[in-house]
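Both of the next two complexes hold chain A, though its partner changes from chain B to chain C.
Here is the complex of A and B:
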């Protein structure tokens, strides 16, 4: 499989994993392992980022997986920036998944505040991966301020609804100059495959794996689906057609001598 | 046309709705409930809640429970958060007839100095808690804004989330508490039945029904992230109370869209020296139906369970739709540092240790969560 490069770092796996909602840290660790991922995101609110004995953090093998702290819960740019800086000071990790979600119910990202925070964090030396609505103009602006990726949502987080924002994501994909990671709302492996077939560079999955009856098997299924989708994309998919194609019904006469 | 806030708030009591709601509840048939269970769960309308709370819905508790469980897992994950209450004062100027802190009740009153409160908090922190709830009677001359702000500032090193269940304050006072690190307020209306409210609260500042009803607007406007609501179950008809509570919550969720609303379910139980008879006592099945109906209308609302409920029931409830649970609680000031001679607000029905409760949570396939916030958010 071709490699994914984000901010100069290579990834073999195009599946990123979230760490919330698992029934136990052991199951989480097994699911992470089974997914084949190399990047694992952790909510700073959930962990003591400066404590290596934190039960969630210690379940993640930092040698194998890049830990991507996220600012989930931040209501505005100032809170997100503060969290990111504390996290970097405690861990040395300069990567951050920027989430500014002022509404606690749908956890939809605030584009205005996200852009503000992204600009400041990039200036401050962070590798910023912002979670956004599938808004092509915002995606361009975030690229312009120096974000390492854009991460548009497929559907509201935790909804498992799949690619509801397909049309806008297609525009983002066609315009992107940085990797596009489809984040939030992917509820089944087929959704992940579909996103990869469309040309997404990677997908991020949490709820669909963590709340499955068998999270480890589901992580494996997402791994395979992500790989299959990428492989199909690279293979050059045959175009779809609604009708059977008759052979030149309108211009066939030109070949009749 | 959207009604103004004042109108919405004044209508949020049972007076104008009692007869209508009562009639609607009785008219619900099994078919209506079944239809409701076939529509996507988690969306609120008063009609939906009426159907799910109705006597007719009682025979559907099992399918309701299954939907509520799966919706809770989808939205909150296979996790349950733990918190502990810290009672700082049992002095109270009110005379709520149902409460152990009623000012007419004779028992030794205790106020914890900030240092004494910190000593209790140390015990709580040592048990593993990172989420603490400060509780006090209406003791405005001692438990002042300055007192709470000082305490909160000193607790911030040990706790990642500090909330408070205290008497009504002004928006400016709440803002000060928020700046000090208290970012959630719980305030129960007790009952949305204005007439019964007057009977239960014969004297003290709490007599003012409207003031209490408007208070969540004040702390939400002050920036609080968490809004805790509830009725004291047993004071009035629980179905009607749930409808009024839901209307209140829906109003707050729309207007203060940055704050998360959670529901608590305090149920009247014998308190020190309060042994009157109560006509509206709520049975287990009622409590369960109320929780399930609220979950099936509010997918993302927190559902909080205290140690007022007995162990056996709590074991079952954690598997349904609970998102936050207290453990090892002491409801008397100084209780954590071994003072068991001070007055309790209510008797603990589940005295298992936090570690034991964590084990119960694990036994139903959930991860106990001690930390789900960070003081770095606010400073």
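Here is the complex of A and C:
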């Protein structure tokens, strides 16, 4: 598989994995391993003072997987910037998935606040991977302020609805000069394969794997689907046609005329 | 005399043994310092400075850590 480069860093896998909603840290760790991913997202939350036991980070091998903190929970640029800086203080790494979602029902990102935060964070030395609606104009603006990727959603977070924003994603793919990662709403491996066939550079999946009956098997399925989609893209798919295109010659039939 | 600290939005009283430093506070609360990030009065405190960071009464402290997320 051809390698993917984001902000000068090489990735062999084009599947990124979220770490939320797993039944246990053990299953999460197994699923991450099965997926073949090299980058996993995490969130930042207040420590529960009455119950401070924490084991998430111990279940993620930081030597194998790049940690990508997200700014989930941020309702505006200021909150996102604060979370990004806290994450950098925690890991020493300045990669951030910028996520600004003021509405908890649909969890759609606020493009205006995302752009504001992105500009500030890029200036502050962050590698910014912004989560956005499939908005081609916004994608270009984020590119222009120096984001390392753009990450348009296929459908709302955790909805498993697949590529509902297909047409707009196609426009983004035709215009982007940074890697495009389809992030959110991919519900089955076929969605991931289709995203890669369309020309996406990578996909990010959490819910579809974490809440499958067998997350480890599903992680493997997504791994294979992402690879298959990319291989198909590189192999050059045959065009679609309104009319039938016969597989064998329409002559030389054995018939009584 | 009891002294208060605001921790993660909640006021807590320390009747005796008011933690002198951030490191002491974490130890007192049984919080693993290796995985926590801290803000005092809106300013991030680097992990290397936990032992050297004094706490004053009524300080507004935020303690956050990584959890699962997409």
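Note that the second predicted complex is superposed on the first by the 235 of 257 C-alpha atoms of A that agree within 3 Å, B and C clash if a C-alpha of one lies under 4 Å from a C-alpha of the other, contacts with A are read in each partner's own complex, and residues count from 1 in each chain.
Assume a residue touches a chain if its C-beta (ideal position, glycine included) is under 8 Å from a C-beta of that chain, and two chains touch if they have at least 3 such contacts.
Note that the coordinates shown come from a computational prediction; the quantities given were computed from them, not determined experimentally.
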Tell me which partner A:160 touches in the superposition: chain B (first), chain C (second), both or neither. first
After lining up the shared chain so the two structures overlap, which partner does A:207 touch, if you call chain B first and chain C second: first, second, both or neither? both
So, A:185: does it touch chain B (first), chain C (second), both, or neither? neither
With both complexes overlaid on chain A, does A:109 touch chain B (first), chain C (second), both or neither? neither
Please work out whether A:21 is in contact with chain B alone, chain C alone, both, or neither, and reply first, second, both or neither. both
Touched partner set for A:152, first chain B, second chain C, both or neither: neither
Once the shared chain is lined up, is A:42 touching chain B (first), chain C (second), both, or neither of them? second
Check the residue A:89 against both partner chains and state whether it touches chain B (first), chain C (second), both, or neither. second
Using the superposition on chain A described above, determine whether A:74 touches chain B (first), chain C (second), both, or neither. first
Kindly list the residues of chain A that each of chain B and chain C touches, one partner per complex. 20-22, 44-47, 86, 158, 207
Per the touch rule, the chain A residues reaching chain C in their complex are 18-22, 28, 41-47, 49, 52, 54, 56-57, 67, 69-70, 72, 85-87, 89-90, 157-158, 184, 204, 206-207
The residues of chain B that touch chain A in their complex are 73-79, 160, 225, 253, 257-260, 299-300, 362, 365-367, 369, 371-374, 376-379
Going by the contact rule set out above, which residues of chain A touch chain B in the complex? 20-25, 44-48, 73-75, 79, 82-83, 86, 102-106, 158, 160, 207, 210-211
Which residues of chain C touch chain A in the complex? 7-10, 12, 29-32, 35-37, 39, 44-47, 62-70
